[in-house]
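Shared chain: chain A. Partners: chain B in the first complex, chain C in the second.
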Partner chain A sequence: MLEKLQHLDRRWVFLMMLLAVAVPMLADWQVPEKSTLLVRQTFEAIDRLPEGSKILLSWDWDPSAEGELGPMANAFVRHCCQKKHKMVFIALWPVGQQLIDDTIEKLIQADYPHLVYGRDYVNLGFKPGNEGVIKVLLTDLRQLYTTDARGTNIEKIPVMRGLNTVRDFDLVVSVSAGYPGIKEWVQYASAAYPNQVRLITGTTGVSAPLLYPYIPDQLQGMLGAIKGAAEYEQLLLEKYPPTHGEEVGKYQEALRRMGPQLAAHLLMIGLIVLGNILYFASRRKQS
Partner chain B sequence: MASGQLLVSEKTAGKSRWVGPALLLAAGVYVAWRAAVFGCGTVYVAPADEGPTSVSAWEAVAGVAQPSLGRTIGVWVAALLTLAIFSFLYKDNPLYKLAEAVFVGVSAGYWMVVAFWTTLVPNLLGKLFPAWVSAGLMPGLSPEREDAWYWYFVPLVLGLMLLWRLAPRGAWIAAWPLAFIMGATAGVRLVGFLQADFLNQIGATIRPAVVLLHQADGQGVDWTASLGATVQALLLLVGVLCCLTYFFFSVEHRGLVGRASRLGVWVLMITFGAAFGYTVMGRIALLAGRLEFLLNDWLWLIDPAGLRPPDWTGWW
Partner chain C sequence: MKRTIPLVITFVCGVVLLAAHFSPYTHRWGEAAMIWFDILASIAFLLGGGNLLKVHLKKVFAQQAGWAYSLITVVAFVVTLWVGLVKWGAPPAAHLEHYGESFAHVPLEEFPFTYSVPGQLPKTAERPLLPASVRAQLSQADGQVVFRGWLLPNQKSDLLAYHPTLAWRCLVEQLAKAAQPSAGFRGKLAYYPEPQALAFRGSMTPQERAELEALSPSDAWRSAVAALYEAGQRQTEVVAPTAPERFTPEQARKISPALDYDPASRRLQIRGPMSLSERQALEQQFPLARPKLTADPALTSAHQPESSTVPLRPSAHQPGTSIVQGESSTVQLGTANDQQRGFADPYRHHLWKALEDQGPLTAKQAEVFQAHWERRWTVEQLLEAIRMAGVGEPTEKTACQMLAEKEQGVADIQPIGPLEPDQTLRPEQAAAIRTWAAGPNLYLEDLLEQLAKTSGGQSPGFIQTALQNFFHQVPTEAEAKKTLCVELLRAGPLTEAQREFLLADYRAEWAWRTAVGELFRQAHQVKFPWSGQYNAAGSPFWWIYEYMFKPLTATMFALLAFYVASAAFRAFRAKNVEAALLLGTAFVVLLGRTAAGTVLTGWLPDWLGWLRVEELTVLIMTIFNTAGTRAIMIGIALGIVATSLKIILGMDRSYLGSAEK
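Up next, the complex of A and B:
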């Protein structure tokens, strides 16, 4: 038995992990969420702003991080829509532009049809240049963004009136999967103008631990991985309950993934413990 | 006896060779049956001001939406490519290679097109020849030239020099713009790191070790919160000092320095453990996202958002 387990084909582990995630999903197993201080601070950063505040939403991710960042992005946008904030979308990642279009179509146009493109929100699209884009946005936004993603002259877009640099926004939200992303926003925007640029982020589990040193001085809020997204969704659902049934499931993406998450974590812990037991047992046997 | 055992194992191997393909065939038949009977994977669209938009199946039941062939094919292609990538977990195979090649090729093509339409046209050609670009390529751009428009010849020339490396002779010409890019990038990044990761981090560490917080109503000190904040401040201080000691190699790690260094190692290990935990959480979330796409959007086995009539969802 010991010998068999020590040489277990790793594909059995893959299969176990697949089942650990799929079975709770099929059974619709969910776990309750309670928000932590950091998530509440992130929520407050948007919620405390007066109605109609101008928010820059930077979609610095691509579909490979959809499982983690999609729920956060939706939650941020829904929160802004509920608070009637003006939203300006940009992307530092090339596919970010399509993800913005997706958010606009599936979320804003579907559930907030009274919001008008150009008046309440705009998609400025992607610009290559990584941190160079952020540097230019700090001095003259219009130098880089001459049109929006649809080719409309930026001077003719009402929501852009009075917005010339990043400092003119009340808040910057970066949904970030890596480079370029929130680290660059901190380094080039918030560090350069500490009292003028306020930053919050929703980021992947891989990036989150590296960002804690920036909190709270250089980064005012952070949602770390799917857990942060689930807590944020819970706060949002409590304060702004959806008006019809369809929306409830739509805005619980992260919450419903916490069940599979818990099952997979339990499996991981079990495998780590089992691996250690096997290791010590084989050492004992050898000695 | 030995030859008998060999014969039995050969028979078993012969049978097991068919298990995988048989399972795959059964799964394929099941998916085809679901697609034929329930139309799983179908995407419905409804007309809108800005073009057709995806809607739930309820709109189709109500007669205001219709299936979109293009978007439905998109869901099926995405699902099959996801399965092709997952198949690598079993073993390397041609389907995985195909999906990988498609991904690399599409990404490269996408990058090129996006860079052309988001940078070269509006930010270079549109500055140098605004009337031409505005008339033929991007009507939203202003046809008026800026005052110092001729400066944009500099990036144009540097760009052409960079492309020179494709020429059979004179590849050294590309080294000049490359040197400019490297120098400018290094300078820009140096300032960012110096400010955010060095100076501001020192500032963030120099904090009072004993923290006294007042109650929300301003009446007296909140001792519980103060204790928590003080422990946090002390942990930060001790953690930073011990980690720095571990990386301080000018003094031998013995005595007090050695003990501080060992504590620094523990702090580092806890940090790595937390980072690993976060990474595991992230990877599982990605797997959950993909599985939800397969089970919900493609196969219609689950419907967490209530996007379809209940009898459209399920195993049978």
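Up next, the complex of A and C:
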């Protein structure tokens, strides 16, 4: 038996992982969430701003991180819509532009049709240059963004009035999956103008530990992985319960993913424990 | 030299970027260096693309191991590049297409009409150049400002914004008044300087052609007019699978004289291009969503007591029958209970009854139905919108009026004139709106007709605008029923008959709109085929992104879960103290990132709260993780400083491919 388990075909492990994720997902198993201090701080960073504040949303991710970052990106945008903030979208990643289009089409236009493109929000699209883009945004964003993603002259977009640099925004939100992303925003924007650029982020589980040193001075808030997104969604649903017009499930994506995450984590712990039992048993046998 | 130039570039860029970081005066230098870096990087991308093709094609032709993967890489690269660069299948940009207009080329220098007003062009140090939109058309000669062409609204705005003085703005207003096509062609004829195109809206008649040709003997002008006439005579037709109930050939000609409709063959034709307003008018041939009627004794007694019956619109899939199967085309009003409550909304009741008759509905679906109806528009909202539209607004003075006041010596010149008088709805008109809203089928043109009859000779302009703005946001009844169907399906199952009942009208509406859209597309003359976005929805690039790139990248990332699980089982062993600590930390963080932590240690008393798994997770992340990460980051930063200095000073030349340090 011990021998058999030691040489367990890895496909059994794969199957167990598949079941651990699929069963809770199909059964729509949801677990209650309690928000942590860091998530509450992130929530407050948007919530405390007065209505109509100008927020720069930088979509620095691609579809590979959709599982973790999609729900938090939706939650940030829904929060901004609820607070009637003005939203300016940019992307430091090439496919970020499509992700912005998705957000606008599936979220803003679907659930907040009263918000007008150009007046309440605008998509400036992707610009190549990584941290170079951030550097230019710090001095004169109109130099780089002469039009929005649809080709409209930036001078003719009402929401862009009075916005010349990143410092003119009340908050910068970066949904970040790696380079270039929140680390570059901290290094080039927040570090250069510590009291003038306020930053919050939503990031992947593997990036989050590297960003803790920046909190709370250079980074005012952070959502780490799907857990952070779920806590944020919970806060958002409590404070702004969906009305009839909204598709509620769209804003519970992270909460719905916490069930499969719990099962997968428990399986991982179980496998590690089992692996160690086998290891110590075989060592004893050898000795 | 081959090595010296890169070394010099590196040195200069390095010094500039360093200086830009520490000195605000040199920020711009840093940005310029970054822009140059991007340009070089884009050239490197071209080289990279070439190299990718070279390496993989070599492998494919030599049929080396894994050549099939190389082939997939090459095909994916070429296809993506091709559809992205040539914008294959991407529709042109809507804001540049001037829908409803035909274009014919007339070079600006051969455009025969120039207009002038006395005055001078302002030139200031801040704005040495005229606005780009008018630069080619505006000039100055003999104390006159001369404009070649017809001034477009955007050009007027640009000129008004160019210089703030009243004299200049008055001059622009005079020029805008003068530089227009003759009265009969205003709104039909335009000249666009950037594509140098003469544009005509709609289909040109032979008489209009003769009048236009008589305006100028210029060959360029006459041939452009002939081309526009030809474009306006082009016939386009589609066969619509279904047609709106009340759509007739007269109705089509009322929308546009160029439109024609044959009810027998359901053939819809247009001569020349179709404008957006014509398309919209064609699409809106269906009854509007019914309102939520509130308790109104006057309405109840005025319109419904005689027979307590209301004719209902038969559904499209069952012509000639009631929406309630097995009943005649007139059905009973709401329940006695409803009437006792003064609840005068029989349509809601009958819609619900019709649904119930065709299958069971759950309590949750009943709630959803109720909520759906509560969101429908009300007559009171409409009356309020009309009332608001009738409120008089202050008139804005023209620059010439203000200039005249200034010349007369008025000290305090106000840009706002007196308020326009308020316009109100007559009681007869309000009653007509209520009657219309309680009627069987809600067509906007019926309402406009009723309002015109009851206007008492007043101009109904503000009412018409208010109605159009209001109903622009109201769906049709078929759309509302489709939305209801989706909402009910989210709350529970529906039978086939129920779904058919809710969706049949919308299906017919969709088919008609698709036919109208096809006619609009075919009748349109594409002006700028490459102006659209390469990734526009529905384009091949969009399909590649949406249905290949997105799922493939997400799958690759998701595969990690399986490999991490397998690796953890095989390799994560507590072989020594450090590994055991790492293992313990991993357990705490894994549990802390889920609800399991709260369940396992939630029972601990407050004074031991720090031992709860979620608190331990925060402690690990903020103290131990932060300390470790900081140490690593500081180390990396020091390493970067040392390496950068070595590179800038030319001590480390390994990036040039040299072994020499």
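The criterion applied here is as follows: the second predicted complex is superposed on the first by the 285 of 287 C-alpha atoms of A that agree within 3 Å, B and C clash if a C-alpha of one lies under 4 Å from a C-alpha of the other, contacts with A are read in each partner's own complex, and residues count from 1 in each chain.
The criterion applied here is as follows: a contact is a pair of C-beta atoms (placed from the backbone, for glycine too) under 8 Å apart; a residue touches a chain by one contact, two chains touch by 3 or more.
The shown structure was predicted, so the numbers you read here are calculated from the model rather than taken from an experiment.
Asks: Under the stated touch criterion, which partner chain does A:Lys34 make contact with: chain B (first), chain C (second), both, or neither?
Replies: second
Asks: Could you say whether A:Tyr117 touches chain B, chain C, both of them, or neither, answering first, second, both or neither?
Replies: It touches chain B, and chain C stays clear.
Asks: With the two structures laid over each other on chain A, which partner does A:Lys135 touch: chain B (first), chain C (second), both, or neither?
Replies: In the superposed model, A:Lys135 contacts both chain B and chain C.
Asks: Between chain B (first) and chain C (second), which, if any, makes contact with A:Ala225: first, second, both or neither?
Replies: Both: A:Ala225 reaches chain B and chain C.
Asks: Please indicate which partner A:Lys250 is in contact with in the superposed arrangement: first for chain B, second for chain C, both, or neither.
Replies: first
Asks: Thinking of the overlay built on chain A, is A:Thr147 touched by chain B (first), by chain C (second), by both, or by neither?
Replies: first
Asks: Once chain A of both complexes is superposed, is A:Gly275 in touch with chain B (first), chain C (second), both, or neither?
Replies: second
Asks: Can A:Val95 be said to touch chain B (first), chain C (second), both, or neither?
Replies: Both partners, chain B and chain C.
Asks: Tell me the contact category for A:Leu26 with respect to chain B and chain C: first, second, both or neither.
Replies: First partner only.
Asks: Considering each complex separately, which residues of chain A are in contact with chain B in the first and with chain C in the second?
Replies: Comparing the two interfaces on chain A, one with chain B and one with chain C, the shared residues are 14, 17-18, 21, 64-67, 95, 97, 105, 128-129, 132, 135, 150-152, 205, 208-210, 213, 225, 227, 245, 261, 264-265, 268.
Asks: In their shared complex, at which residues does chain C touch chain A?
Replies: Residues of chain C touching chain A: 27-28, 30-31, 34-35, 37-38, 41-42, 93, 95, 371-372, 374-375, 531, 533, 535, 537, 542, 545, 549-551, 553-554, 556-558, 561-562, 564-566, 568-575, 583, 586-587, 590-591, 593-596, 598, 614, 618, 621-622, 625-626, 629-630, 633.
Asks: Using the touch rule from the top, collect the residues of chain B that touch chain A in their complex.
Replies: Listed in rising order, the residues are 48, 50, 53-56, 58, 89-90, 110-111, 114-115, 118-119, 122-123, 126, 138-142, 188-189, 192-193, 195-197, 200-201, 203-204, 271, 274-275, 278-292, 295, 301-307.
Asks: Would you mind writing out the residues of chain A in touch with chain B in their complex?
Replies: Residues in contact with chain B: 11, 14, 17-18, 21-22, 25-26, 28, 64-68, 70, 94-95, 97, 105-106, 109-110, 117, 125-129, 131-132, 135, 144, 146-148, 150-153, 155-156, 184, 186-188, 190-192, 204-206, 208-210, 213-214, 217-218, 224-227, 245-246, 248-250, 252-253, 256-257, 260-261, 264-265, 268.
Asks: Touching residues of chain A toward chain C in the complex: what are they?
Replies: Against chain C, the touching part of chain A is residues 8, 10, 13-14, 16-18, 21, 31-34, 36-38, 62-67, 95, 97-98, 101, 105, 128-129, 132, 135-136, 139, 143, 149-152, 205, 208-210, 212-213, 215, 225, 227, 244-245, 258, 261-262, 264-269, 271-272, 274-276, 279.
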